[in-house]
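My structure is below; once you've seen it, I'll send some questions.
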Amino acid sequence: MDGWTESPGAIDGDEPVAARSEDARAVEAVLMVAVEPVEPALLAELLETTPARVEDLCAGLAASYEAEERGFVLVRVAGGYRFQSAPDLAAYIERFVLGGQSARLSAAALETLAIVAYKQPVSRAQLAAIRGVNVDGVVRTLQQRGYVAEVARDPGPGQAVLYGTTTSFLEKLGLDSVDDLPPLGGFVPDAGVVATLEQGLRPNE
Amino acid sequence: MPYEVSTPVFEGPFDLLLHLITRQQVDLYEVSLSAIVDAYLAHVETMGDLDLDVATEFLLIAATLIELKSSRLLPNVGDGDLDEELALWEERDLLLARLLECKTFKDAARALDRLADAAELSRPRVAGMEERFLSLVPDVLAGVTPEHLRTALLRALTPKPPPPRVDVSHVNLVKASVRDTVDELASSLPVTGPTTFRRLTAGIEERIQVIVHFLALLELYKDGLVELEQAAAFGEMRVTWVGPVGAPASSATRAVVAAISSAEEGEG
Amino acid sequence: MDGWTESPGAIDGDEPVAARSEDARAVEAVLMVAVEPVEPALLAELLETTPARVEDLCAGLAASYEAEERGFVLVRVAGGYRFQSAPDLAAYIERFVLGGQSARLSAAALETLAIVAYKQPVSRAQLAAIRGVNVDGVVRTLQQRGYVAEVARDPGPGQAVLYGTTTSFLEKLGLDSVDDLPPLGGFVPDAGVVATLEQGLRPNE
């Protein structure tokens, strides 16, 4: 938050606050014409400043839009900054954008995608072993949707194709990087579930 | 194919197992097992020699299920051979670990779905450059020949090199497979000498990782490469390397043989 | 300019946050995601209000951006409203266009153009799947350049836009038709890519 939004009088006052520096304005201008998230390093280069200052500027701008309840937001996605419509106005956007919603992923595709996301790079055989079913069709779907791509070959004898997630995946989830995935540890079943499973598998009872 | 167990509520054998067990709606041993086992075996058959890794995993599970089923039919099998019972428990723990892993990713998938739903509400700006700047955009076809275009296509169709290594330390724990841990232990245990399970897993926080270590030790035990001693229930488990000092025998090969033979016994 | 920044109540009546009415926010959101200028009549339809009120809202927004010295402006062009970068910041946009990312972008653009040329008609989803990244921006650039155009709609449920190359593309390369592109010869693309191209038009399984 910057002081400027809290005291609107300052806007037309003598010295615009720091956020109205030419740098902040330049960030707004560049992001307005960009077609993909713009990395802080690139903005820093354009502004002849440091990435850290760019981060500060962007944080200040994002806070000001939020404080002013603008219909757009400034977010950090897939390693860069971009303008997006405000989430609470989704209903208007859906009416405006023809065929708005992208097709939903099936449960099988989502689960496979989760394994790829957390275990990448990972082979189809590894995916199949975890899911307990053949995953060829699902992996193809995920590739077609652009969420998963071949990222490497296993150096071992089989030269198996290894899969990883793409920047489209990050954009789809609104994440800045894979590191921002919710920690997998949070999903490990708790003691109660383990006990139930264990009981279910007990041979003689 | 009977393998395709799929309803709106669950899909695939693992999900079926999870569902049945966690809901306790069905008696696991009486209703579902034979169907699941049949489905697994049928699937393994259709796979032929396509993927030994997957086939091995399936066989292990199938063998476990058959063992479980037979022990259900013969309630006092536990009084029999101790080795058999140990093997049964080992497979059971492996199955448990697999189920836990499967459930972990099911829950993770649900979280990703929620993230995607939230992200869907906010659309990006992609309007691009105003006309006055268009002339500045470098012409992508400047100096490009049809042959360059062909090269660009081939480049696009070739798998990309791996991305810069991302920090996935928070998921590395699950990455370690039983086999990796077997290899790891097989090279470290001969050097460290007798130790305890507690010491081996000191500093490991994730439960799955501890389970993986335990399963790896059982694997080594089965191959006669380590001795395991436990004086009392929940007591300290001593681990002693008794195998040759050097490259260990391929435990994966033995696991396949063991799983196949126990599956045949179970069917008979 | 407008009453809002000086006396915020003026725009929409008594409410002090009137300018932050849902209507004004919805206009901001729609214009943020719009690719072409949006006509007041269309905005009025989306908001279930009158074009006259939309004009008022847009005038109010434009004035507020100006008063706040934002790096972007809201202008009326070609019969509609759209966001643009502020004219005095053109130097930054020029550097952005010519600067660091242009080499990377043109490599991406050439690859994308090559796929469109050889595999047309092709959807953005297919392009994204093959390239493993979101291609919306690149396709937009190629469209603006006039090398790529919408040539059809996928008859399937998604009605995805299908792209092909244009006559100016052929002219630039000195070709009579796309059939004159160099043959791919013995190159066998990866199975996953083939599947993507052949089945990419089918909806999610």
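The chains carry the letters A, B and C, assigned in the order they are written, with residues numbered from 1 in each.
Basically, a residue touches a chain if its C-beta (ideal position, glycine included) is under 8 Å from a C-beta of that chain, and two chains touch if they have at least 3 such contacts.
Keep in mind the model is a prediction, meaning the values are calculated, not measured.
Taking the CA centroid of subunit C as reference, the farthest chain centroid is that of B. Comparing per-chain C-alpha centres with the mean over every protein C-alpha atom, the closest match is chain A. We define each chain's centre as the mean of its Cα atoms; on that basis subunit B and subunit C are separated by 43 Å. Annotation: 27 Å between the Cα-based centres of subunit A and subunit B.
Rounded to whole angstrom, the centroid-to-centroid distance between subunit A and subunit C, based on C-alpha atoms, equals 20 Å.
Looking at subunit C, residues 32-34, 83-85, 93, 131-132, 136-137, 140-141, 190 sit in touch with two or more other chains. In subunit B, the residues that reach two or more other chains under the touch definition are 123-130, 133, 159-160. By the touch criterion given at the top, residues 3, 11-15, 18, 20-22, 24, 28, 43, 51, 53-54, 57, 61, 67-68, 71-72, 75, 77-78, 88, 92, 95-96, 98-113, 115-116, 118-130, 133, 159-163, 166-168, 170-171, 173-175, 205-208 of subunit B touch subunit A in their complex.
Subunit A makes touch with subunit B in their complex at residues 31-36, 72-73, 75, 77, 82-88, 90, 93, 97, 101-102, 105, 107-108, 110-111, 113-115, 117-121, 125-126, 128-134, 149-153, 161-162, 164, 171-175, 177-179, 181-185, 187-189, 193-194, 196-198, 200-204. Subunit B makes touch with subunit C in their complex at residues 123-130, 132-134, 136-141, 144-150, 152-160. Across the interface of their complex, subunit A is touched by residues 5-6, 8, 17, 20, 22, 24-30, 32-34, 38, 42, 46-47, 67-72, 83-86, 89, 92-93, 95-96, 99-101, 125-126, 128-129, 131-134, 136-138, 140-141, 157-159, 190, 192, 195-196, 199-200, 203-205 of subunit C. For subunit C in complex with subunit B, the touching residues are 32-35, 82-85, 90, 93-94, 97-98, 102, 106, 109-115, 117-118, 130-132, 136-137, 140-142, 144-145, 147, 169, 172-175, 180-182, 184, 187, 189-190, 193.
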